[in-house]
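The structures considered in this document are given below.
First chain A sits with chain B, and in the next complex the same chain sits with chain C.
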Partner chain A sequence: MSQEAIKEKSMILQKEMIEGLFNDLDHTKELGKKVCYTFVPGNLSELIRTFDMLPVYPEINALQSAMRKKSGGYIKEAEKNAHSEDVCTYVKCDVGMMMKGNIGPTGTKIPEPDVLLLSYTGCFTFMKWFETLKREYPNAKVIMVHTPYQENAKMTPSMVEYMVKQFKEEVIPQMEEVTGIKYDEAKLKRMLALSKEAEDWITKIFDTTKHRPSPIDAYFAGVYYIGPINIGFRGTEQAVEYYKELYSEIQERIRLGLGPITPEGEMKEEKYRLVVEGPPNWTSFREFWKIFYDMGAVIVASSYTKVGGVYDMGWRHDPERPLESLAEYCMNCYTNLNIPQRIDLLSKCITEYEADGYITNSIKSCNSFSAGQLGMMREIEDRLEVPVGFIESDLVDPRYFSYSNIKNRLESYFQMLEQRKMMEKETM
Partner chain B sequence: MKDLKQIINECKDLAFDLNFTRAKKWKEEKPGRVLVGYMPIYFPREIIHAAGGMAVGVFGGGDRKQIIKGDAYYQSYICHIPRSIMELALDKHMDHFDGFIFPSICDVIRNLSGIFKQHKIGKFVKYMDFPQNFLPQIGGVFYQQEMEHVLEYIKEINGKVPTTDELNHSIALYNKNRQLISEIYAIRQDFPWRLTIEEVYYILRAGTVIPVEEHNEILEQVVAHIRQNIGVPQDKIKVVISGAFCEQPAIGLIKAVEEAGCYVVDDDYMLGSRMILGDIDTTTTKPLEAISNSYIKQSQYSSSIYDVNNPKEYRLAKIVKERGANGVIFASASFCDPSLLDAPIFQNAFNKLGIRYIAFQYSENINQFKVIKEQVGAFSDSIKLWEDEPAAVSNINLTATDSCKH
Partner chain C sequence: MKKYYLGIDLGSTTSKAVIINEKDEIVGRGITNTRANYKVAADIARDEAVYDARFNLLQRKIGEDVTKPEFKKYMQDLRSVFQYGQFRRRMESLERMLNKTVSEFNYENKDAILVKLKEIIETIRPQIQHGFINEDLGSKNQFFRDIVSEKYNVEVEAKGKEFYEPLMLAFDKSITPIENEMVQYNFKELVLEAMKILDEKYKGLADEQEDGSYEDWYYAQLNAVKDNYKNVEFTLRDHIEDIANEEIHVAKMVGTGYGRALLPFPEDCIKSEILCHAYGAHAIFPNTRTVLDIGGQDTKAIQVDSHGLVTSFHMNDRCAAGCGRYLGYIADEFGLSLNELGPEANKATKETTICSTCTVFAGAEVKELLHNGEERPNILAGLHKAIVQRAMSLIARSGGVREEFTFTGGVARNEAVLKYVKQMVTDSYGDITMNIHTDSIFMGALGGAMFARRNISADLPTAKEKAKQEN
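Presenting the complex of A and B:
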């Protein structure tokens, strides 16, 4: 991010956390730690830490490869090896990276997994991904956690019970076996208390977009904010410290009446407030963001920042019900919500954060997000009479990011918003 | 006994009747009957039958339904079947259905259940989460609860709670159904010219839209016919089709493969009707548990079932070997995640195992197969030229893989 952004203490804290994790990953043998690959949605960070394992998130590696402009090559490598052009590019980027030596963002080799913790939450592709990795890492233990879908917009007792039984009879015993560490529920509870604290802070942080101007961008900057809780730091003192610090920095921005920080410094004028559905494009992340801030558009809420957990409806980890609460956490991630729930959540964001518009960034890779988005968009348009916009791109495949197409579409959309604002002024 | 051609023609009409007329008529014949549409791949139809209903397969509109409204719901990079199912629903082809089941096979079908809920299509919409945990006391119990949930919906409509005897009776009928289908495949393994794969397809697909009792009669007659020495063998290789378990290829494509020089001796077109291998126990006092156990312990491999403890590539290799096939044709619906994500797993393994294959993609609404036909023809020719001996997998040891256990 910008020079100005790097000066923020929270950014330094985040950098230290991530560097620390990758440093530990470089020294797993010396540290005597086992390595657990897992996914962001439904990540069981606290449980992984209870067993002193180090997490690796293949999705995060993929998006970092994209930001470092390496994903295109990795994807081609996978496609040479029978991977279809038409499936999730995170998978192909990861497979390609593995074929090229599994060199991670720090330039060193990411250690092989001891455990593939298949938190099968909100995305079918996760299962196929780890079935693929299992064939590459035959010595790794695959631990499957099947998270039932909130098909009826609720988490029933039988769904919780199903997951808790999996934790007790499958996940925990297998983790004990791999690590040689006995399950320590007191330790897990302590971490869950910290998770709850971090979740309170993060909810407050994303709620600051109620202010005008919004002090943060809840999508483009939001993806950095969710970093720590999404890459294994939920349940740590460090995460709590980071979010407290971030919150106080944002409070200061509110006090000063400042808008969000962008890679080119502070956004001067807030012209449009938007809610965005769908993940961002990572290969041209900066250019993508720039289209928005150049137009004075700030994202006041996004569904993407909820993939690793939805906290705005009040749900929190509960140390008094450790395994039950891990189950509920998994079931409550954004892509594990059904389509009407997603519509309700986004509508709530549009209303509460007084958004002027709603944009869908439809990602070719991701059926979990994308299938149903058009119907969601129409429903939101009808329900709230909010102008809706639609763009298409991909996560980490540079072939599917067409800058001029996206820019043209967004410019027309912003023109429409402008006209609407003018009409509203006239009728007032 | 009816003439085989007549049976096949009747099945063809039933299979592609997008108004589901036979099901509608059946429902109208008696009060309290319910119709439940189910999407691919598999659904335990037994429980609907026992509750006084009929489960009706909804496999999309194929190349017989023009898509006008459905395209507005799906981006171009999503497979075709959800848009044709939407089209069928919005055009009121399924207005006589009481409810809909969306089995947990992929994110597209999952989210389609949400769109049905959003549009309040049917009296109930149930996304049925099949367990990915295969311990009877964990995944098995969860699956039974899912089935109970379906039964509660039916009870709300017709007040019926099936008894143990009724459930066991329904299971027996579907056991019979699966046995007869198995027999057709077993006969075709040695005498594939007695019934083309196109005809098999009509017969099986018809079975998803008519009462099981009627389908069993049809199957019995078909089996009796093909036990006879009918048809003339041709010089064709034997192949297994894999990957076409959800969105169905247009019938022209199903035909094209055999016309291009292959006998299809196994396939996964109508996988749901063949998902359970062997019989489900009909003698227990806990029939839902019996159904659950059958899914956990005796189901066919599928791209939608977590397979780490029983790798699918070896299970397909075993089918190839048992059927005496010369190779595999991987046919995937375009943009079908489960099928396409499995492709490298199968293909890498088959490269090592020495099983020959080709792969192509299709879309249910596309009826142009020239390129695919040429590709299949070349595949068949190359196998015929390369060796006389079939058994392409003779060099592999498949004993480690038990096809019936997860």
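Presenting the complex of A and C:
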């Protein structure tokens, strides 16, 4: 039985923030603001805001289109224009949306970019994506930063230096040129202090899943929680206020012993605690989520909520080292970690949040996420002896979400967990 | 009262039922083709398992006699003729339905079609009867639809072009409702009827083999029966009443298979086929650690622990090329029956490389290869190899083969698939004990029955409803 979704104050705050951003995007001319398209992983939100630009995130637009059931049509449009079936569906959704008038999630036209800023090269598709957009928006300035991969599981001083050099010689001068605003490091530092604060809060929030029952779902609700810091509000007072409010609401849930909120009200019984690797499917997000909460499964940690930044291991933006910490931030996004680092991070989540199982949702059109996932799963299974499950879907192409297949696999997986629990009880 | 447990595996191609006792021993098995009405398919499989259980009980009652050749042969014949009894009743319904369907046609030559239909029925009826009574058709794992359509199609072909379309249409329209009809049989009545038929059969047996078309052992058995059938009959009659009256009380049951959600079972009596296949395979071969199950539309690679519990699994996604249905499609392309595929492939001198693993594309590739003069067995061998290669990739994804390996599912009955599985598992994982059981197709249903006996708290639906009402 579908209930009215419970609206908490934090949800209202988030809605206001997003509406505010899109409202500004509707009035860039009047506001005299420039527009910067950029991607979530390794995003330089604070730097963009230092130059008073408004950020647009094409992959967020794509996932929003999918949730509004529009991605299928957009993808077809892009395929009609020679984008192959195997191209990342975020790209095709974005290109299709552009071809159909670039109408964004709020129903109004998204302004054209003044800057196409690529600050994370771990995803090769991002580069090609902006090359495509450059052809469509010949007046936009393309700024590309090369982000070294954490091949040896660390960020060395020379890697940081290499990136800072690019910021100083490429990014900042070009941003100054586009906006006519002089780079103001004091302003950036103030924002980075707020970023650090928001990052502290979000870490505390995702750490509440230690409780039983877990007061939140760190995947299905987690994707909403990361919204503000991932769409350009990191480094703002609003973001800090949002996360403080969210944290206090979660504290209240813990005090009352409540489980996570689902689209159909409170989750009643927490039967399984899981860690999920990989992005969710957006076209059937609700159906996908429902399979989990109907089974009493709560996600206590997910790698996807770390795509916009990995804060679990203590890393934070540092106002004292502004450009250096931006460089580290770019290199420290989840998909830029090497496979052993990803395994360690996921293992830590499984152990600390006492997960009963580990599930991979492998995305057909996302190489940067999917490559290595099977090996990671095997390693985690061997290391922690945790039951693992593997399903396949896609980001925003509705053709690649097979409800019955996914449900069948998940049902089998949950029954497998159930069986294990029974055995453990018997042998105790 | 003795308690029994039932597992039903409603697959995409066949529906299987297994009944076990309190010691997890299989007492009865039943199988039928899955059809539009899942409940009927499940009920038929269950009824078959109950009959099988009664026959097994009957065999147990006659004790040591059962090993005597005349008893062995008699029991085998009895089962086949018993099946004929079931077949005949359904066939009568089909005949009526066919006549009705044709009568409603608008073809100008309707009367002529009716005449042809009558001729066909009168030709195939005794053929099938002969098959059951004299050629052991009952043990060939063929279902009503297969048996009738095979004979019917041959006769239709012979009737000439102008009758082909209406006669085929009549069959297609008539078979489905008949298959979806639940027919109640009386066990005792069918057994006694079968014994009567056998009495006639043995009475009329020639003393010597006439044309040398049978193997010696066959005649040895027949001769044993011929001399002693009255004695066997007499012994059996003693028990039939008891056996027919014995209640096969199914205390609990579990449904599994791809159609499980459609079974009229309460939610907690439904189990995933992955768990059931693994559990069943592990029960028969306790050292199993990796199970490969190839069914009609799924291939599953399952890892199990020492208790038979699943630790991880991998299934084919998005595409069912490489599953049983693929074989069905290939069989159609070659005009062979499913049972003929494996033996034909094993005649190959080499395996033709089949590039495509898409079922539909493979069809096109096959035509091209045949056109280029490639030998049929070689192409079939290539296709079988392609299926196993896909399965091997799933096994690798699920974690490879550790210790004993058990192959289950309907496709495990195909000897060419078996050959390549053995070959490729050995090539990739070394000398591993590999188990294939004659009942591999029943592993899912067996696992289900075993779960029913164990941790399923729910009772039968009726009992559950009663309990609800009382509360």
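Simple rule for what comes next: the second predicted complex is superposed on the first by the 421 of 428 C-alpha atoms of A that agree within 3 Å, B and C clash if a C-alpha of one lies under 4 Å from a C-alpha of the other, contacts with A are read in each partner's own complex, and residues count from 1 in each chain.
Simple rule for what comes next: a residue touches a chain if its C-beta (ideal position, glycine included) is under 8 Å from a C-beta of that chain, and two chains touch if they have at least 3 such contacts.
The structure displayed is predicted, hence computed values, not measured ones.
**Q** With both complexes overlaid on chain A, does A:405 touch chain B (first), chain C (second), both or neither?
**A** second
**Q** Does the superposition put A:142 against chain B (first), chain C (second), both, or neither?
**A** A:142 sits against chain B, while chain C stays out of touch.
**Q** Per the contact definition in the header, classify A:419: touching chain B only (first), chain C only (second), both, or neither.
**A** second
**Q** Between chain B (first) and chain C (second), which does A:374 come into contact with in this model arrangement: first, second, both, or neither?
**A** A:374: touches chain B and chain C.
**Q** Check the contacts made with chain A and report whether chain B or chain C touches more of its residues.
**A** Touching more of chain A: B.
**Q** Quick check on the superposed pair: does A:392 touch chain B, chain C, both, or neither? Answer first, second, both or neither.
**A** both
**Q** What residues on chain A does chain C touch that chain B touches too?
**A** 374, 392
**Q** What residues of chain A sit close enough to touch chain B in their complex?
**A** For this pair, the touching residues of chain A are 78, 81-84, 86-88, 91, 95, 118, 120, 123-125, 127-132, 134-135, 142, 144, 146, 148-149, 151, 158-159, 162, 165-166, 169-170, 338-340, 342-343, 362, 364, 367-368, 370-375, 379, 392.
**Q** Under the definition above, what is the set of chain B residues touching chain A in their complex?
**A** Touch list, chain B to chain A: 72-75, 77-78, 82, 104-108, 110-115, 117-118, 126-127, 129, 131-133, 135, 137-139, 141-142, 145, 303-304, 306-308, 311, 332, 334-335, 337-338, 340-345, 347-349.
**Q** Quick one: in the complex, what on chain C touches chain A?
**A** Touching chain A: residues 258, 271-275, 307, 309-315, 317-318, 397, 399, 455 of chain C.
**Q** Which chain A residues qualify as touching chain C in the complex?
**A** 374, 378, 381, 387-390, 392, 400, 402, 405, 408-409, 411-412, 415-416, 419-420, 422-423
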